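Take a look at these structures.
Next come two complexes built around subunit A: one with subunit B, the other with subunit C.
The block that comes next holds the complex of A and B.
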């Protein structure tokens, strides 16, 4: 853990809706190093996006940050202080979303949008000239795209324009929330490769949020796997993929169809939020074939085992 | 012994004109022919914009083809009067990518599926509930779900309802247009398993449209790879997706994300699918093909390879005229 750029410590979030309080993010921690491509994986509704948004001060209304702190570039702030987080992180962090066309303004040409992002970053002396540079960085020909509106370009191109806007502030950290879900496989691969290159060349850190493990497998070095607001396993990607320990990680891997060697798929049973509410427990217990009464009583802390951290009682003591 | 195919498509063409550039190649389907046999699961893969959805919509009669024939159970769709067409729709059903857009938010699952049953009189009145419970079991839904409304169901459950509705019509063929691409991987696995079991039990033919090669490899026995409205490669799944011959299929396969990434350089395509790059009469893949050369300016013939494997590429044509092409045929053993 040499050069930690961004870290979340014990982040806990409740949702309060119609007077009902639910814990949707439960004590999660992760740390991202400078220049690292970090994967955050889990099914929809597992709290990946919510925790990342809250960690940069963008918790949606109806959410209440209960505990935790976020450190960025050596400065730590309590996560409850959302306004403070926004102030502290807005210059250094950019976001990239799933639906690129939705992120762009349909009434403005794409070059004007990139230019505006540059102006607002307030660090460029000549935004006009810089627009061309940014288009080149994201692999688009400025001349072809000048004067084009978002509806005139493809999804992959729109995602690249959104990238250009995100890069305008020269961020140290980029949070990419399922950036390739709406794209074709060929474009998806190009975008992932491009993100990996950004990490390398610009020393930029990226948190790649995905629901499909096979997406992060090629370019991420480390990852965290989330289920129902809890981190279940985290550490080196190769180690985890070679020998997944948590039953949920195993389930996720078994659910991905393999192109090269087709095998029977083993779907995970139940859904993310299916179990009993309001009690302290491992939230995977209602879907887990190894669940014991202990799992219904508490969520185990991180256990260091075989080069990664896993939250599961199976690995707590020597089996009887 | 050889029964006629459930679906037989001949030289199907459906183009969408661009008035500003009438000379350009149009999006859509251009002269596609194929058969789907009874009980077969055929995959149709390609990138967005390649015409795969258009093809599916033509097959179910949602779009009128410009040219060509669609024959279902020996009946040509074009020969049907509008009134007969309506009752004939029973034979082919479709499941869309986003189930929420096809379910009626104001109808419970029971009412919604009952409508489909009434429409085609597949179940005698009064017996709907019993049949529906059977169907629900078949698609993996609980009986309680029948009285729920779409907003009370999860994405996977909604897709199951859409499949159930299609099955309620007792069709010979179901067109599945990207049925799992809006779902999570875990839910996708559940739905794919259900579809596979269904297929075994009911024996309905599927035309499975998808851009995910891994999904297609899992569920389909035969695949067709489509690019800009034409089929560039087709054949048994294990050959086309195991040992692809066409550079486009190779690139598509190499781009697929994997849990264990393949080492080494991958064949890749240049840029994106862009219509403007393709001139009339040339191989559609030329503009992006890593192996393209001068000759690709004329469209290549379709080369027949062993085991019903067909490829539209000059490379395959050359290899075939030099003698039998050496393609490794995979062993019949299923890998563990």
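The block that comes next holds the complex of A and C.
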């Protein structure tokens, strides 16, 4: 790979609630290059956010990281060491959340929150001036927002303030967890265009987590598609769109409307976690029309095929 | 004229408190009236019916209830709360001695309770589900289950009679010292202001044990609400976002998460202040503390009407004032509440 900035290797996470253990992230891997906009797509509850949070050391309580490692700027750490990950990554990686208003402290004015993030980053020659610069970068007028509390601004503005906080540390990687879900369509476009521009201008890599494939398809060069805690296919966006290999990817793409070539949309049947509880299986098998008994027995490792990695027995070389 | 939102908010709360106080005065008056004993009979059991009727007429007890209430309120507004048969003083004189005694005891007790309960609750929230959390819960349960009268007596027995670690439990100051006179009425503070540090120390040693017994009852409710509210606020996105930004854990827990939990904690504290003022009677009795609670209990058991209704009025007013302070504190804690009236 060219210039890998951030990579996850074999991340596996269990949730332990009330003594019941469930595998919610099953052996996922992905790698993000410096300055690229990477998409992580999957239905709600497919484990996208959980994986990314755990990969920066912010796994929620009740989750147990079982295996895997995370490398950032060439330094790899076991994912089980959440505290270590957080210490190692908090300088270089920033996050954006779905609910920007919730991500801002309701008791502090927005300018003070940006200033605090800035102070934490260690560069503070002239905090006031730098806060102003950050506001300008995210497209807000500092004078209008100084002294305002999060509840006094709109969701889109809150997301921009959150972005100002996130950019204060000059991160090499920004993980944007469905940052536009709470926003209206116009604001969504603006924000995504802004992220894409940041990516280019600052050489900052972005992992865009989304459940909307068509959204990601406009901005990302490469992507991974997750289903029920497993990565099913990952690679170049154009390649995957032109010729989806995994049955799930095919289903997803068939469900995306295309204005230029109207066709009947095919809905995906079943839900993400509908299959039987079993650790060793392809978790799409209960929704898959090509499912074979083999699919119930194991989830195949990444198979390099036609310029991408796909996890499906359909593409395994049959031993001669 | 447009008032600033904070002023508007405070004025509104103030108006509500005044209405509450008015209602409380009516209730306090009727409660004293409804006590199942006759003040004349209990005072002078051996008088004839004619004498009794004459007494009642003199005291105005033959008048309709409403007239009595209006007269009563008139004198209350003049600062005249009547005379206690028991002490022979005016109720105003009696209270001037007893209110500071109870306030000093309650201040020490509540401060102790909060200083212990708050960190315990925070520990429970931060280490939720771990052995620390369980230990805190066991301690809370114990602190809550031990009755104050029993604990007071046990502590007096061991710490005074057996070990002589504390001075004898006979009120606010040993007879060896003269009570300091001063503005606050708190012996500890007045003595310090007068430069008598020996007296201050003696007063402090005297208040220590009753304040501990009183405060122990405060620890558990404070710890429990803190644990619950902090567990909630620690799960908020802004805490996770703060962690993602690399802000220090200590800053996030002690600053951001505690701030987020403060509204329910202060609310509970408001209840506690009311309860402690009303419930200090037990501790005051055990430690012969010359406070409001003991005064009220004595007055009730002897059908001493004027002190009874004044004490009810006083305790209810203190609850109303506490609630007012709690409501106002919300506006300072949470900008969203402060701006409620800005729209």
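Assume the second predicted complex is superposed on the first by the 308 of 320 C-alpha atoms of A that agree within 3 Å, B and C clash if a C-alpha of one lies under 4 Å from a C-alpha of the other, contacts with A are read in each partner's own complex, and residues count from 1 in each chain.
As a working rule, a residue touches a chain if its C-beta (ideal position, glycine included) is under 8 Å from a C-beta of that chain, and two chains touch if they have at least 3 such contacts.
Keep in mind that what you see is a predicted model, and the values were worked out from it rather than measured.
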Practice task
Once the structures are superposed on A, label A:301 by its partner contacts, choosing first (subunit B), second (subunit C), both or neither.
Solution key: neither
Exercise for the section: Considering only the touch criterion stated at the top, classify A:154 as touching first (subunit B), second (subunit C), both, or neither. Expected result: first
Exercise for the section: Kindly classify A:162 by the partners it touches after superposition: subunit B alone (first), subunit C alone (second), both, or neither? Expected result: second
Problem - Between subunit B and subunit C, more extensive residue contact with subunit A - result: B
Exercise for the section: Scan A:74 for contacts with subunit B and subunit C and give back first, second, both or neither. Expected result: neither
Exercise for the section: With the two complexes superposed on chain A, say which partner A:18 touches: subunit B (first), subunit C (second), both, or neither. Expected result: neither
Practice task
State which residues of subunit A lie in both footprints, the one left by subunit B and the one left by subunit C.
Solution key: none
Problem - For the subunit A and subunit B complex, residues of the former touching the latter - result: 43-44, 154-157, 184-189, 211-215, 217-218, 241, 251-263, 265-268, 271
Exercise for the section: Enumerate the contact residues on subunit B facing subunit A in the complex. Expected result: 47-48, 154-155, 184-190, 192-193, 211-215, 217-218, 241-242, 251-253, 255-262, 268-269, 272-273, 335-336
Completion exercise
Touching subunit A in the complex, subunit C uses residues 128, 236-238, 240-248, 256, 259-260, 333-336, 339
Exercise for the section: In the complex, go through subunit A and note every residue touching subunit C. Expected result: 53, 56, 58, 61, 86, 90-91, 93-95, 97, 99, 102-107, 116-117, 120-121, 149, 151-152, 162, 165-166, 168-169
